[in-house]
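Naming follows writing order (A, B, C and D), and every chain is counted from residue 1.
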Amino acid sequence: MDKPFAITLDVGSSLANKTGAWRTNRPLYVDRLPPCNHACPAGENIQGWLYHAESGDYEAAWRTLIEENPFPAIMGRVCYHPCETSCNRGKVDETVGINSVERFLGDEALKLGWKFAPPEAETGKRVLIVGAGPSGLSAAYHLRRLGHGVKIVEAGPLAGGMMRFGIPKYRLPRDVLDAEVRRILDLGVELELNTKVSNILETMREGRFDAAFLAVGAHIAKRAYIPAGEAARILDAVAVLRDMEGEEKPMLGRRVVVYGGGNTALDVARTAKRLGATEAIIVYRRTREKMPAHDFEVEEALQEGVLIKWLSTIKNMADEGTLTVEKMALDATGFPQPTGEFETLEADSLVLALGQDVDLSLLDGVPGLAIKDGTVQVARNMMTGHAGIFAGGDMVPSERTVTVGIGHGKKAARHIDAWLRGTEYKPAPKHEVATFDKMNTWYYSDAPKTVRPMLDLARRTSTFDEVVHGLDETNALFEARRCLSCGNCFECDNCYGVCPDNAVIKLGPGKRFQFNFDYCKGCGICVSECPCGAIKMVPEPT
Amino acid sequence: MEETIKFYQTGTFTVGNRLLKEDQRSVQADMHRTNSLNSGHRACQGCGEALGARYAIDAAMQATGNQLIAVNATGCLEVFSTPYPETSWQIPWIHSLFGNAAAVASGVAAAQRALGRTDVRVIAQGGDGGTTDIGFGCLSGMFERNDDVLYICYDNEAYMNTGVQRSSATPPAARTATTPAVGPSPGNVFGTGKNVPRIAMAHRIPYVATASVSNLRDLERKVKNAMEIHGARYVHIFVPCPLGWGSAPEDTIKIARLAVETGLFPLFEAHDGEVTASTPIRHKVPVTEYLKIQKRYAHLFGKSPDHGRIGLIQKMADHNIAKYGLLN
Amino acid sequence: MLKQTEGSHAVAEAVALCRPQVICAYPITPQTHIVEGLGEMVKAGELTNCEFINVESEFAAMSVAIGASAAGVRTYTATSSQGLLFMAEAVYNAAGLGLPIVMTIGNRAIGAPINIWNDHSDSMSMRDAGWIQLFAETNQEALDLHIQAFRLAEELSCPVMVCMDGFILTHAYDRVDVPTQEQVDAYLPPYQPRQILDTADPVSIGALVGPEAFTEVRYLQHHKQLRALGLIPQLAAAFRERFGRDSGGLIRSYRAEDAETIVVALGSVNGTVQEVVDEMRSEGSLIGSVSICSFRPFPLAVLREALQHAKRVVVLEKCLAVGLGGIVSDGVRKSLSSIVLNGYTVIAGLGGRAITRASLRRLFEDAERDELEQVTFLDLNADVVSYELERESKARRTGPTAEAILRRIGTVASGIG
Amino acid sequence: MFQIRIHGRGGQGVVSGAEMLSVAAFLEGRYAQAFPSFGSERMGAPVMAFCRIDDKEIRLREPVLAPDALIIQDPTLLHQVDLFNGVPKRGYILINSTRSFDELGLGGFARGVQQYRMCTVPATDLALKHVGRSVPNVPLLAGFAAVTGVIALPSLVAAIRQKFPAALAEKNVGAATEAFEIASRAKETIDA
C-alpha cells in the first residue's frame, strides 16, 4: 500500500539497527568438564554416554562408553563409582545412578551380543602384556583397537585377576566376567594361561615384542606376626577368596574372625557367612570412619549379620581357638593406642586381610628400573625406567581398585601406541570443571534416584546369588534422564528462548546454537538461564 | 506434553528439549517462530518487556495461524519498537495514545466483524501505566462490552519510559523517582494496592490470567488458552526492568522467578470471574531473596535492615500463597 | 424525498445512507438524537453490516473510531462541547494518523459555568487539530455536508468535522430533501483506505517520529488541507450535479458583490443575518453577508476575493478568544492583509443567547456609521456586569460569579431572547 | 409568515406540539420551522416551543418574539411568566381551560386595546377522555386550526398519524376532532 510518510513503517525494518559497540561483554558457548567425567578413574565420558542413553539409543551410549572402558557390565557391579560421589545432582535431590545405568548398558550389550569394532589397520607391532587382570585386559583392548598385535601372558589358570580372585561371586557373577573378557579376546588378542614370566627381557626377545606392559597385580598377602599355637588355623584373605574359585571350598569353620578393615576383609567375612559360618567377626584397630572399606559394603555386611569390633587388635591365638584382643583408644592425633584392656574371642579360624604385596621377581636383572615400597616406579607416561617396558595396576603406586587398574591400562595403551609410532601421546587439555555454582538447576524437575531392588536378606546370606539387581529399561531411561548434562549443551533451547533481542540462532537438531552479534546486547540472560552452565560471558574484543 | 515423557533432565521448565516432538515444544523453541517483535529494537539490556512481548505475541500468532493485529499503548514497548524509520514488528500494529489501547482494539475488532473477518484476532498491549492508570477507563469499557480483544499488560511496576515514576502498580516500599528512598518511610507507600487481574475478574470476562517471563511454558499456555476463547480477555505479565529496578541485566528472569517463588506474584487463571487454577511454587523462598538483589529496595537493608517493613512484604507473599494455594 | 423532520434525524439518515461500518456513540446534549437515531436504525436492521458501539466516554468514542478506521472501515461518531474536549487527545491523534473519520459536532458552549446551549467554542477549540471543519447553515446543508464529508475525508485521508448549531439546528423541525441510496452510492464510492491493518500486508502505524521528520509530517498534514481548498469546491459542484442543490463549498456570499458593509459569520445565524440584510437593502443600505462553510482549511483567497472591495467587515462570532476577542476575525484579517478597511469583531450568541433581528439591525447600523468598538459583545447586559465588577471590587470573598449574576437577573431566564 | 409560540410545562408535549404543527403545514406544501426554547429539561418546568409557517423558505433562526398565535397549555403559567409578551393586536390566544377567559380574569385582553382573539379549550379533559393521559397539546392544536384556519384539520390529523403509533394516533385524532368542533363553535364570538 502507498503508506503515509514516517507515521507508517514497513515491518521488520529494525533489522537495519545493529547493536554496535553497545555491548561490553559477549556470551560464548563452552563445554565444561562434568564432575563425573572428572572423577572417573577410567576416564569415561559419562555425561557423553548418558546423553545417548537419555534418547534411548543404548547402543550408541554403550559404544561411547567402551571408547574408554571395555567392561561396562563389570563396572556396573564392582566400581565404587566416584562419579556418583561428585555428581552435581546430589545437591539438587540425589546423585544420578550412573553405575546402575552403566551396568544396564553392559548387560544390554551382552544380551544383544554387541561386538567391539575391529582395528581399522594393523600396525605390525607386537606388544606383550603380563597379567590378565583389569589393567592388562584394558591395555590389551585399547592396543588391539589401535591395530597392534597383543599377547597376554597370565600366571593363573583363568583371566580376570582380582576381578575373579578378589571379588566374590555375589558381587560379580562369573558369566558376566567371562563374557566381557571373551569379547576382548574376540578382537584377536592372544591369551596364554598358567604361564609365569620369570624374565621379562628374555620373553620379549623370544616373542619379538616391540614393547611390554606389566600388570601382574598384588597377590602376596601381607602377614602380621601373631603368636599362635600349632593347631591354630590362620589363613590369608587372598588365598581364601582364590580358593572360592576352585572346586575345594576353604574350610573356615563355624566361628570366623577376620583381621583388617579393607574391602577384602568385608568380602571374606561375607563369604564366610555364605559358607555357613554362624559367626563372622571383623576385628579392626581403628574406628568405622577410618575404615578403608566403602561404607555401603560395611552396611550390607552388617545387614547380613557380620559383627565388627572397632578399635581392637589381635594379640595372639591359642590352639583351642581363643583369640586375645586388646582394646585400643584414639589419641589426640587420632591414632589408636593400646589401652591394656584385653578380652578373648572364640574362633575356628582367623583370616588375615591386611593388604597385599606385588611379586616383582620377573623384573630381576632389568636395567634402569626403580623399585620403591614394593612397587615399580613409572613416569607420567606409565613407562618404567627401562625403555619399552610399561607398567600399571596394583604393581605401581596408586589406589588399588579395579577401575583405577582399567584406567592405567587405557593410559598405558595410548602411551605405548605413541611410543611405538615414535611420537608422544598428548591428552587433550582438560576443560574447566562444571561446578554446581555454574548451573541453573531451577529448570530441572525434582526426581528421586531409582532405588535398585535388593534381594531379601535371608536369601542373600544363604546363597551366592548376585546381591544387587539391575535396572529395567524404563528405570535406566529414567535414571539417565536425571543427568544434568553439566557443562555440556543438551539443546534445551533456553538461550534461544530467553534472549530479549532474538540474537541466538538455532542451528537445528544436534547442531546446537550460535550468537548473532549484530543484535546481541550482552545482557547475559542466556548465561544465567543456561541450566547446565554451557555459556559464559567474556569481555567484548575491541 | 509433560505426560508423554518425563524430563527429569530438562524439566518441564526449559524452553525446549531435543527429545521432544516438534508439536510438543514451546513456541519459543521453534526454529520458525515468528519473532513478532524482531531484533534491532531499542530496548535496554535484559529488558523483560521485550522478552514478554515476543513470548506473548509469538504464542498468539501461532494460536491464530498468524491472523493477528496488535494495538499498542504509549510506553517503552512502543517507543523502543517503532522509532522512525524502523519498526521491529512483523505483524499489523498500531499505536495511538497512552490511555486508549483497549478502545482502539475494540475498534479494530468491530471493524473485523463489519468486514466479516472472524478469523482475524486482536490484541491490545500496554505497560502498567497505560493499563492500570491512564488506560483504565477504556480497559474497563472494553471488558464490560466483552469485546473480542485480548488485553496484555506488561507490568514492570512503574513508568519506566518517562524515567521510573510511581504507577498504581508500584509495590510498597519500592523506590521510584517520585517515591524516593528518603525520610521516615522511604519508598512507595503501603497502600491497599490495585489488583487489576482481580478487577478484570470482577467484570466476569471469560478469561483472566497472570503470567511471568520466568515461566515460559505457563505463559504460552495461558496466551493459547486466551486465544481459544472469544470475548474480552486479560493476561497480566510480570516483566522486570533492570534499569528501573536497579537489578543486573542478566538477572531479569531470575528476579521474575523469585517474584513467583516468593509468592509475591501469584500465577493463576480465572474463567468467568472465578479462579480455576494456580501454578504452584516449586521452591519457596523468603521475600528477602527477591528484594535484596534490587536497588529499588536497597533502603530496606543496608546497615540496619527494616525488618518491620520487610515483614509486611513477607505477609503479602504469605497471603497470596494461602489465597491461591501456591504450595499445594 | 422531502420530509419535515428534526435536524438530528435528518443527519442520522444522511449518515446511514453513507453506509458507515462502525459507529461509536456516547451521549451528550445536544448531539444525542443523532446517534440515538442511528442506533435505532442498526437495531431495526435498516442499517446493515454496521457495528454500533456504546462506549464509556468520548475519549473512547474517538479511540474506537481510530481503531476501526485504521482497520479499514468507514467510521462515524458525534459529540458536543465538553465531550469534544474530553476526546481532544484522540482528535489530534486521528488527524495525525490521517484517518478519514467523520464526526458531527452539535455545537455547544464549554463550561464553566456549565451551559448546554449553542455557541462555537467547542469546534473552535479543535480548530488546529488537523481536522477539516465544515459549518452547516441549515439542516438541509448539514445533511448534505455529511455525504460530502465522507468523500472528502476518504479522498484526502483526513478526518472531517461537520459542525451544526446545537438545538437551533439539531432540534429544529425543518423541511429537508433526503436523497435516495442510489444517489448517495453513485456519489460516494466504497472506502479505499490508504493504510490498513492487514494480516496479509502488515505495517506498523503510529511510529515515534523525531525532529528529523516531524516537520515534514506536519507540513504534509498542512498540505492536505491546502489540497482540500481545491477539493471542497469540486465536491460541492459534483454534489450539485448529482443532487441538484447548492451545499457546502468554501464560502457563500449573499448580496455582497456591491456591498460596502459585509457581515461574515458561520453556521445557522447566517439565515437571520440574510433577513436583516434584505431589510436594510430594501431601505437602501449597501450591505451583504458572507457565510464561511469551510473554517478549516480556512479559505483565505476566496474570502479576500469576496471582501476586498468592501469598506468594512463585521465578523459575527459565536465564540470568544478570551483576552483577544475574535477567532474567526483573525483569519478574516489575514485574508485581507495589506487591504485597508474597517474590521469589527462581534461576539454574539454565547451559551445560547438568542441573536435577534432587532439586535443585528442595531449592530449593522452602528457598523455602517463606524460606531463599533473593535470588539463588541452583542446584547451585553452592562448593568449586570458593572454591578458585579463593583461587588468584586468591594469584597475579597465574593463567591461564584455566575450564581451571583443569576440571582440578580432572577426568573427572567424563562423569558424570551 | 405566521408565527406560533406554545407555552407549557415539560412533559406536556409542548415541543412535539410545535413539531406536529410544522408537519401539518409541511403536508399542505408549505414551509414550516418548529424548534424548542430549551430551559432546563426537567419535567414540570416552564418550557416553550415555536413554530413558523410560510410560503417560502424560512431563514430566520431567532425565537418567536411576536407570535401571531399563542398556545398556553398550562394556565397557571399566566401568573409566573410574561406570556403575552410580543403578541400583536388581534393576536390569537388559546388557553387550556374548562373555564371561559372571563372566568380566568382575562376578559380585558379581548375587549381592551389588544383585541386578542381568545379561546379556551378543555384540552386536558379531552385528552384524559380520549387518550387517557393528560397531554393537552393535540386538542389545543385542533383548537388552533379551528380558530385561525392556518392549517386544516385533515393536515393536523395526518401529522398526528405520523407522530404516534396507530392506536394512540386514533385516540388523539378523536380528541382533536372533538376539540375542533368545540373551538369552531366559539369562532364567531372570537372573530366578532
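Simple rule for what comes next: a contact is a pair of C-beta atoms (placed from the backbone, for glycine too) under 8 Å apart; a residue touches a chain by one contact, two chains touch by 3 or more.
Computed from a predicted model, the values in this text were never measured in an experiment.
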{"item": "Longest centre-to-centre distance from subunit D, chain (CA-based)", "value": "A"}
{"item": "Cα-centroid distance, subunit A relative to subunit B, in whole angstrom", "value": "50"}
{"item": "Geometric centre distance via CA averages, subunit D-subunit A, whole Å", "value": "115"}
{"item": "Distance from the mean Cα position of subunit D to that of subunit B, given in whole angstrom", "value": "66"}
{"item": "Separation of mean Cα positions, subunit C and subunit B [Å, integer]", "value": "44"}
{"item": "Numbers and ranges of subunit D residues touching at least 2 other chains", "value": "none"}
{"item": "Junction residues of subunit B, two or more chains touched", "value": "81-82, 84-85, 87, 89-91"}
{"item": "Residue numbers of subunit C (touch at least two other chains)", "value": "97, 198, 202-207, 209, 213"}
{"item": "Arrangement of touching chains [line / ring / star / complete / other]", "value": "other"}
{"item": "Residues of subunit A that touch subunit B when the two form their complex", "value": "6-7, 9-18, 22, 54-55, 442-447, 478, 481-485, 490-494, 496-503, 506, 508-510, 516, 518-519, 521-525, 527-529, 531, 537"}
{"item": "Subunit D residues touching subunit C - in the complex, by the definition given at the top", "value": "18-19, 22-23, 25-27, 31-39, 46, 48, 57-65, 80-82, 85-86"}
{"item": "Of subunit C, residues touching subunit A in the complex", "value": "96-98, 157, 193-196, 198, 201-207, 209, 213-214, 216-217, 220"}
{"item": "Complex interface listing, subunit C residues touching subunit B", "value": "21-22, 24, 49-51, 53-57, 59-60, 63-73, 75, 89-90, 93, 97, 197-199, 202-210, 212-213"}
{"item": "Subunit B - residues contacting subunit A, complex", "value": "6-19, 25-26, 28-29, 31, 35, 38-48, 50-51, 54, 81-82, 84-91, 216, 242, 248-254, 257, 282-283"}
